[in-house]
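Next come the structures, one after another.
Two complexes follow with chain A in common, the first pairing it with chain B and the second with chain C.
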Partner chain A sequence: MRAKADASGLRREVGALLLLASAGFVLLPWYAQEEGFLSLIWLTEGWIDDPDYAPGLFQVLLHGRWWLAPLALLPLLALPALSRRRPRMEAGRWLILAGALTLAWLLFQGFAINHRGWAWSWLAALFGPLGDRQYGIGGGAVLLATAALFLLTQGIADRGAAKGDAFVVGGIGLVVASVALFIFFPILQVLESAFLDNDGAFAPMVFLAKFTDPKIWSLSCVTTGYRCGVAWNTVFLAVLTGAGTTLLGLAFALVVTRTSFRLKRVLRTLTVLPIITPPFVVGLAIILLFGRSGTVTQFVADFLGIAPGRWIYGLPGIWLAQMLAFTPIAFLVLIGVVEGVSPSLEEAAQTLRADSWTTFTTVSLPLMRPGLANAFLLGFIESMADFGNPLVLGGNYDVLSTEIFFAIVGAQNDPGRAAVLAIILLSFTLLAFWAQQRWVGRSSYTTVTGKGDAGRPLPLPRLVDVACRSAALPWAAFTLVIYAMILFGGFVEIWGRDHSFTLRHYIQAFSVTVGDYGLVWSGSAWNSFWTTIRIAALSAVPTAIIGLLTAWLLVRQNFTGKRLFEFGTMLSFAIPGTVIGVSYILAFNVPPIEITGTGIILIISFIFRNMPVGVRAGIAALSQLDPSLDEASLTLRASTWTTLRRILLPLLKPAMLAALVYAFVRAMTAVSAVVFLVSANYDLATNYILGRVENGDYGLAIAYSSVLILVMLLAIGLMQLLIGQRRLGRRETGRLMPVEQTA
Partner chain B sequence: MSREVTLRFERVTKRFGEVVAVREVSFEVGTGELVTLLGPSGCGKTTTLRMIAGLELPSEGRIFIHEEEVTTLPATARDVAMVFQSYALFPHMSVLDNVAYGLTVSGTPRKEARARAEETLALVGLGGLGGRMPSELSGGQQQRVAVARAIVLEPRILLFDEPLSNLDAKLRRRVREDLRDIQQKLGITSVYVTHDQAEALAISDRVIVMRDAEIAQDGPPRELYEHPVDRFVADFIGDANLVACEIAEVAGERAKVRLGGLLLDLPARGLDTGRALLAVRPQAVRLQPAAGENSGLVGEVTKAAYLGSHMEYVVTTPVGELFVVDGEVVATHAPGSRVALAFGSHGLALVPD
Partner chain C sequence: MRKFLLSGAALVAIGAFSAGTAEAKKLTLYCSPQEEWCQLMVTEFQKETGIKVAMTRKSSGETFAQIRAERDNPKGDVWWGGTGDPHLQAAEEGLTQEYNSPMLAELHDWAVRQHEAAKGRTVGIYAGALGFGFNTELLAEKGLPEPKCWADLIKPEFKGEVQMANPNSSGTAYTTLATIVQLFGEDEGFEFLKKLHMNINQYTKSGSAPIKAAARGETTVGIVFQHDAVTQKVAGFPIQVVSPCEGTGYEIGSMSIINGARNLEEAKMFYDFALRADVQEMARTVRAYQVPSNKNAAPPPEAPKLEDIKLIDYDFKTYGSSATRTRLLKKWDDEVNSLPR
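Let's look at the complex of A and B:
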C-alpha cells in the first residue's frame, strides 16, 4: 500500500537511467571540445554534422566510428528489468549485465583506440591499420558511463546487496568508481611508465638501471665525505622531522593540558597555522632570518664578526622549516592523546603510593605510546611529501619530492626517472601509512570518544614541567617571530639591504585602476588569485559531498568489502602530492580521458587530494549521532534518501560547513600536485608565488602569501562565526582539522 | 476462538560473520497481543526485534506479517513502528514535527499530518506540548513522544526496544502501566524486548524467553513462573532454588519425589523416574523453629536480612543452600538458629536435570 502504485507497471528508477543513457548517446557530444562543454559551441557549430561535436549515435551513423555501435545496444539489455512484475533477482541479472557490459565496452574501446588509431600493436596486427582516431571523451560519454554505473549498482541492489538499498549500493559504486579512476588508475600509470623506455617499449633493464641509480641509493656520506643518495636523504630528513615534531608536539600538548601556564589559548591557536600557511612561506621567512642577508645572520656578522654563510640551505634549513610547519600537527594529534589518558588511572596509581614521577613514567607515558608512534609516523609522511620547503631551502640537499619535479620540468625531462622516483617515494609513505594503520589502531579516521571521566589530571613532575615549558615556549615565540617576518617582509624594499617602508610589492601584485570601462584589475597577481579562489571554491563542494558520502557509508552502512573500501579511500592520505601530480600528467594527457591543461584536472586533483578531510569531518560528526535516529526514520517509512536529507544533513550542517571551508583552504595552499597541472589559462596562486621565489622576488612572494593567509583566516573565522562556538567546541575544531597536510 | 496471526517467524537464523545471533527461531504473535522477548544480554532478543522491524535481514528462514512474506522487505516498506531505547527523537524538530514525520514523508498533506499528530499527542497525555523541542521535555515525556510518533502511523506491529531502561526506578512502573493501557486501548499488536523479568511478567500477554540465540520457552507469564521447562528458565524468572532430587515413582500425572528426608507429591510434567531437579521458589518455603528430632528437612540459618516488607534468609540444608523469602517480620530467625523447612503446594516444579 505504500509502494507507489505506478499505473504503467514500469520501474521509474530503471526508466530514468535508461533515458539518461540515451541522452548521453544521442544528444550530447561524445568527445571533449577544446572550447569546453559549457561553451555550448557544439550546439551552434554543426553538432550532429561535425565529427568533433556529434553525439555517439551520429558518430556511428555519419562519421564511421563503428566501434561505438555496441554502446547503443548494450544498455538495452536492461529493458527486461523495466517491468515491475519481473522478480527482483531476475531483473537484477539483466541490470548487472547491461551496466557491466556497457562500462566494459566503453573502457575497452576508449583504451584500444586513441589519437593515433589503434593503441595496442596486437590490434593493428589483427585488424590492419584503422585509418581513424579518437580524442578524449566528452559530456555524452560521461553521462552514458554514469548511467551504466548506476544500472549496474541498481542490479546489484536488486539482488540483495546492502539490504537491497539501491541508494547505498549506488553511493558505494560512485565512490569506488571515482577513487579507482582518479587515484588507482593514475598510480598504475606511473608503475607502467616506469617500466617503459622513452620510446614507449617495455624495458625492464632500463627500469632496473634507473632504480638502482647510485644517485638514489648511494650511502657514501657514511663512508666518505661524499653525498648520499636522494632516497636516504629523504628518509634521514623524515626521521629527524618525525622525531623532532613528536617531541616538541608532546611538550606543547603537556604544557597546554597539564600545567598552570596561563596563555594556553594562545598556544592552541598555533594549531591553525599549518592549515592557513601557503607552503613556501615558512621557508621564505627562514631565508629572511638566516639567509646570507637575513636579519639574524647580519646581526651575528656585525656583532660577532662571523662571516655570513649559506649554511641554512640544505638539511638544517629544510629541517627547521619542516619543524615549524609540522609541529602544530603533532601538537594537534598529541593534545587528543594526552587528554585521552584517563585521570582516574593516574589517581589510582597515586593512591597505590606512586609519586608523580613514577606515575608519569609508568602509567601516563606508556598509555601515550601508541599516540606518540602515530604522531611520529604522521610527521614522517608529512616530511616525505613536503615539496615547498625543500624547493626553497634545499640547496644541494636533494630529496625525492623535488627530484621528481626536476625530472619532469627540468632540463632532464625524463618521465621514466620521475616515475621511478615516484614509486620509491610512494613505497616509503605507504610503508609508513601501513605501519600507522597496523600499530596505531585500525582506522586513522576514528576519533577518541571523550567519555566522561571523573578525576583531575595530575600536575606534571617538576622536571618534566620545566623541560616542556623551556622547549615549547621559546619555540612558540620563534613561530610568532617567523609569522611576524612574513607580515613585515611584504612592506620593505629589499630585505637585508634596504629596509625602507614601501607598498610597492602590494601595488605591483594587487593594484586596481579605474579604466575607461570601470575597474581594471591591473595587479600582476589578480589573474592567479581569482583562478585560485574560483577553482578552490568549485572543488570544495564536491570534496565535501563525496567525503561526507564516504563517511556515511563507513559509519552507518554494512556491506561486504567494507574494510577494503575504507583502506582504498584512506590511501590518498599517504600519496604525496608530487606523485599525484606526476601520475595525473601521465594518465590524463592522452585519450580516453584528456584533461591536462584544463581547470577540470585541477578541480579533480583537489577533490581527491582533499577527500580525506571531508571523510574525517563526516566521521567525527556522524559518530556523535545516535544510529537509532536513522533507524527511527526508516521505520517511520522514510526512504534512505529521505532519512539522509531530512535527519542527517540538518544535523550535520556544522560538519558540512567545516568540510567545505577546509577543502577550500587546502585547495588554496596546495602546491605539490598543482605545479605539474597548472597551465597558462589556469595559473594558481601558489605556482605564481613559486615563480616569484625562483626569480628572487621575495618581496612580492611574501606580500602575496600574506594576502592568502588573510583570506583563509577570514574564511575560517567566518565559518567559526556561522557554526557558533557552542556547536563546534575547541576540541572538535581540532579534530576536524586535517591532520595530514601533505602540501 | 480461532486466533488471528499477525507475525510469524519460520526457522529464522541471523549470522554476523561467524557469530550466530539467532538460531532457527520460530514463533507467532496473535493480533492485538503483547509478546515480550526476554533474556540475558546477548541472547538474540534485540536482533530478533530488529529483524521484525527490517533493520536486519535474516540470513535464513522467513518472516510473515499478516501472511504476507516480508523477509527481504526493508524497514521503510514494512509498516512496523518502533520505540527505541534512546527514544531517537529528532533533535532538530519540534515535538509535533517529530510525531508528524512519518506521515509527512509518506505523503500525507501537511495540515492533516499535523492534526493527526496533535490528536495522538493528546492520546498519550501530551496535548499542547507540540511546540516544544525534545530537549525541553523530561525523560518520561520524551518516552511518550516516541510512542506517539510510532502509533500515529497505525502500524501493523509496534515494537519496543527496552523502552523503560532510561527511566528511573519509580517512574518505570507508571510508564509501564501507561504503555500497556495505550496498547490495549488501540488493540495494537506489539513486541516488547526487555531483560527485566518482572517487567516482562507484568506487561505481557505472552513471554518468549531466549537463551544463546534460541527460544528457551514460550508461554503466558504464569506458565513460565509455575512450570519452567528447564533450569535456565526456572532460574532466570523469579530466582528459583534448584536442588537435586529423585523421582521415586510416577503414577499418571503425579510423581513421588524424594528430597533429602522428605517425600513430596508433585505434578510429573512428563518426567520419568530417576534424578531430576526441583525448582523451589523462595516464597514456597516455610520456616519453623526446629523442635527436637524432626523427621522432615532441617537446616541452619546462615544469613538473615530485614527488608521491611519481608525477611530474606539463606538456609543451609542437607540438600543444599536455599534462598528463602518470608513475610513474617516479627518473629524472625537469627543466624545460627536451626529451622525446620516445609513446602507449600505452589511454587514447586520439577525440571529435567
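Let's look at the complex of A and C:
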C-alpha cells in the first residue's frame, strides 16, 4: 500500500488518515455496545443488519439514520491534499476544512439527537418529531473523530504552525481535545446544572437562593452558639491543615538534611506510607486512640479525673487525620527545595559575619519561599478535597466535600445544590492558586546552576535544630504507632474491644469455596479487588504516555497559547475529586458519550486526575536532558517522532516507570471521585471499604486496607528494582515525583 | 459488496470465537442491606442457578438516586432490600415494574399490603421496628436511669448522650422523624425533636451508625432499627435493645424489579428465590435479625417479636410521598437542625 501510494505521488500521511476515517465509518460499529467493544458481539450478532451494531455508512443506508450522511462526505474534502504536487498552504486549507467540518458535524448531530430523539426543543419545533433516537457513540465514531482531528492538525501544520511539524501539532491537538472533552466539558456541566431548577429550566434565582444559603455562609459561630456555614468550616480547616503540614514538613526536611540525626532513612520511608494508604483507615485508628472510649482518652480522663468526652469528633479529629496524611507530601515538596538551597550563598553570608540565626532567617528561609508556598497550597487543596477523614471523624463539623456527596445521594436528592457547593469549592482552590502565584512572584530563586557547588550545608542554629527535632521525632513515632495499630486491627476479633487473634476478617474478604458450578470466589472482597487492580493498571499506561507527551510539548516546543495549554493540563489537579465525580455523571450519563456504569469512565477519570503527575515527572526528567541531544538527531534529519522515540524515550525510562507506578498507586487509593462512578460490574476497593466503614465493620475494612498496602508496596518495590539499575535520574524522580498529590 | 463484507466478518468471528462460548446468564442486583447479607444472597443464588450475579451494595438512598439517574437506560435488574419508602417512591415514579410472584400466597399480610400499595411494583421481604439501644456499661458509669420511652430521651441528664442519623441522608432517620410526627402530631412532634436535638451529640450520615457508635462506647444511646441493635448485642457488645413504651414505627424492607430490566427472566427467578422460606431463614447466619415476610420462615430467636412491640399504624402512603418528605425534611432542617446546642 505504502509503495503504491508513494509511486502515485500521494501523501502517505493524508492517505492513512483518510483510510482510518473510512474504517471508522464503514467497518466498526457506530454506536457503543452494552457488552463492550471488545466482546465483538457487534460482529457475531448482526453487524450491518442490526441498527445497534451497524457501522455509520450502513446506519445511513439501511437504518434510516440520514443525519450521519454528511460524515461520509465531509472527510472527502481532504482529497485535494492527497496530491504531493499541491502547494502545502493550499493543501492545508483543504485539510483544515475537512477535519474541522467533520468534527463539527459529528459533535452537532451527537448533541442534537440523543436517546429521546431531538435533544433541543427548537429542532423538534422546526422538523417535527424525529421518530428515532441514538445512543452513545462507539468505536467507529471514535475512530472517525480521531482521524478528523489529525486531518485538522495536519492542515494546521501544513500552513506553517510549529515549523510545519505535523507530529507536534498533532500532539498538541490530541492533548487539547482530550482535556477539553474530559475536563472542561464535564466541569461546564456542573456549572450549568447549578443554574437549573428541578425541571431543567434556566432559573438564576434558584441559583442565587442556593448560593446565598446561610447554611453555606453563616458566620454565626463567631458570635453565638449557632453553627458556621459549611464554606467557612472548609476554608478554616484547609488553612489549618495547609499551615500545619507545611511547618511540620519543613521540620522533617531540615532534620533530614541539616542535622546529624542518624535514622534519616526511616524518616524517608515513613513518607511513602500515607501515599499508599487507602482512605478511612487512619481516621479509624484515631478513633481507637482518641475517641470517647479510646485508649488515650480513657487514660487521660482517669489520670485527670474527668469524664471522657467526644472532643475528637469534629475539627480536631479531621485536622489530626489530615496532618498525618498530608505532612509527608509537604515534606517531599520541601526536601527538594531545602536540598537545593546552595551552601555557597550561606557561606557568603557567614563570610560577611552573619551569625547562624541571621543566615538562616535572611538567606536560607527566603530561598525556600517557593517551596513553602507550594507545600501550603498542596496541603490546602488536599484538605479541601479530602472526603474520607471528614466522613469518619467529622461529627457535626460539615465540610464541602461531604456536603456535596450527601446533596446527591441523601434523602434531599438535590444535584443543583451539589453543583453550587462544587462551584464554591472550585473557586476556593483557584483563589489559593492565584494567591500562591502572587506571593511567590517573579523573583529569582534559582540556586542550582551548572557550576559545581562547593561546600556543605551549614548546620542549623541551635534553637531551630532543637525545635525541628522536638516537632518531627515525636510525630514520626506517632505515625508509627498509628500504622502498627492498623496492621494489628486486621487480626483481632473486634478492634478496640476484643483483642483475641483471628483470621476471620481475612477469610471473609478473601475466601474461595466450591459450588455446583465450579469455584466460587465467595470472599466478599475479590470482585472489587480484581477490578481495582485491573482498572488501576489499565489507567496507568495512558496516564504516563499523555503526561510525558504533554511534558515534552511544554519543555521542548514553542507555540502560541503555551501558558494557557499548561494551565489547562494542570487544572484537573486543582479540582477536588468529588467535583470530578459529580461532573462525570452529569456529562457522561447521556449520549453522545454514554459511559457511566462502565469501566471506561473509571479509567478516563483516573487518567485525567493523575495526568499532572506524568506531566511533572516528564518536565523534571526532560529538564535534565541537554537539548543538544535532540538537536543532533534532528540535524541528522531524523523526524521529530524518531527523535522522541529513539533518543528521548530511552533516556526518559525512569521517569516513565515512576509515572506508571505512581498513577497505579493513586488510582488504587482514590475515593472521592470514584464513589459516584462505580457500578455493579466495576466496584472498586475504596468504595467497598467505604461501605464497611459506614457500617462500623472496621475489622474487614482494615484487613482489606492492609492487603492493598501490601500490593502497592510490591508495586513500588518493583519500580525501585527496575529504576535502581539506572543511576541517572534516580534522585530526580524520587524527589520530584510525589509533588502532585491530590485526593 | 455486502456479501463479501459479511463473509469476511463471519471469518473473523469464527477466529475470535473458536471456542464457541454460549452467552452466560446474568443478573444485575442492586442491594441495600449490609454487605454480608448481600453476599450471602448472591452466593446462594449463584450456587443454585449458575446465573452470574453482578451486585452493587449501596444504601437505599444512593440506590434510589442511581435508578432515577439511569431511568432512560436502566442498568440494573433487581433492587433487593433497604427500607420501604424509596421502593414505594420508585414505584410511584414508574421506575419499577409489576410482578406477581407465585410466592405471594406464602407471605405475611403486611408484606402483601406493601405489594398492593405499590400496585404490585414492590413487595415486603422483611420487617423491622424502630427503637433504640443503649450501652449498659456507659449508662451504669454515668449513673443514668434506663431509658424505656421516647420521652426519656429528651430528659436533660441525657444531654450529649444520644445519637441518631441525619434524616437528610438516611432512610432510618427519616422513619424516625415520620414516626415521631405520627405518634405525637406534627406540632408536638417537632417540639419533641427540638428537645431531642439538645441531647444529640451527632447526626451521623448512615442509618445504623448510631448503634455501632454506642457499641464502641462513643455514645450512650443510639436511635436505630431494633434489629440493628440486636446485631450489635449478639456480636458481644454491651447493648440493650429498647422498644419505646409510647409505641413505634417500623419499616418494611422491600424488593422491586426495575422497569426496563435487561434480564427480566433472571430477575423474576431471583424475586421468587428471595421470597422462599428457607432463603429468608438464612439471614440469621449473617446476623440479620429482621422478621422475615414468608409465613413459613421462622423468625430468628434473637429478633424482637413484632407481637410484643406496640406498633403504630404507620401511614406509608402519606409519609412515603415525596411532597410530605420534602416538606418535613425542610422543616426539620430549618427548625431543628439549625438550633444551637
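Assume the second predicted complex is superposed on the first by the 689 of 743 C-alpha atoms of A that agree within 3 Å, B and C clash if a C-alpha of one lies under 4 Å from a C-alpha of the other, contacts with A are read in each partner's own complex, and residues count from 1 in each chain.
What we mean here is this: a residue touches a chain if its C-beta (ideal position, glycine included) is under 8 Å from a C-beta of that chain, and two chains touch if they have at least 3 such contacts.
All values reported here derive from a predicted model rather than from experimental measurement.
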Overlay on chain A: chain C relative to chain B, clash or fit: fit
First (chain B), second (chain C), both or neither touched by A:Val590: second
A:Gly395 touches, of chain B and chain C: first, second, both or neither? second
Which of chain B and chain C A:Ala632 touches, first, second, both or neither: first
Which superposed partner A:Leu79 touches (first chain B, second chain C, both, neither): neither
Apex chain A: angle to the C-alpha centres of chain B and chain C, given in degrees as a multiple of 10: 180
Partner chain in contact with A:Leu503 - chain B first, chain C second, else both or neither: neither
Of chain C and chain B, partner touching more chain A residues: C
Partner chain in contact with A:Leu219 - chain B first, chain C second, else both or neither: neither
Chain B versus chain C as contact partner of A:Leu710, first or second or both or neither: neither
Which of chain B and chain C A:Leu564 touches, first, second, both or neither: neither
Superposition-derived minimum Cα distance between chain C and chain B (Å): 35
Residues of chain C defined as touching chain A within the complex: 2, 5-6, 9, 12-13, 16-17, 28-30, 34-36, 39, 43, 46-48, 50, 54-59, 61-62, 64-65, 68-70, 72-73, 75-76, 142, 160, 166-171, 174, 201-203, 205-206, 208-209, 212-213, 215-219, 235-237, 262, 325-326, 329, 333, 338-341
Complex interface listing, chain B residues touching chain A: 53-55, 57, 72, 74-82, 84-86, 88-92, 101-102, 105-106, 149-150, 153, 159
Chain B-touching residues of chain A, taken from the complex the two chains share: 1-3, 160, 163-165, 626, 628-629, 631-640, 642, 646-647, 650-651
Residue numbers on chain A that touch chain C, as the complex places them: 34, 40, 43-44, 47-48, 115-116, 135, 215, 224-227, 287, 291-293, 307, 310, 313, 391, 395-396, 402, 406, 408-413, 494, 496-498, 508, 513, 515-517, 520, 522, 524, 585, 589-590, 594, 596-597, 678-681, 683, 688, 691-692, 694-697
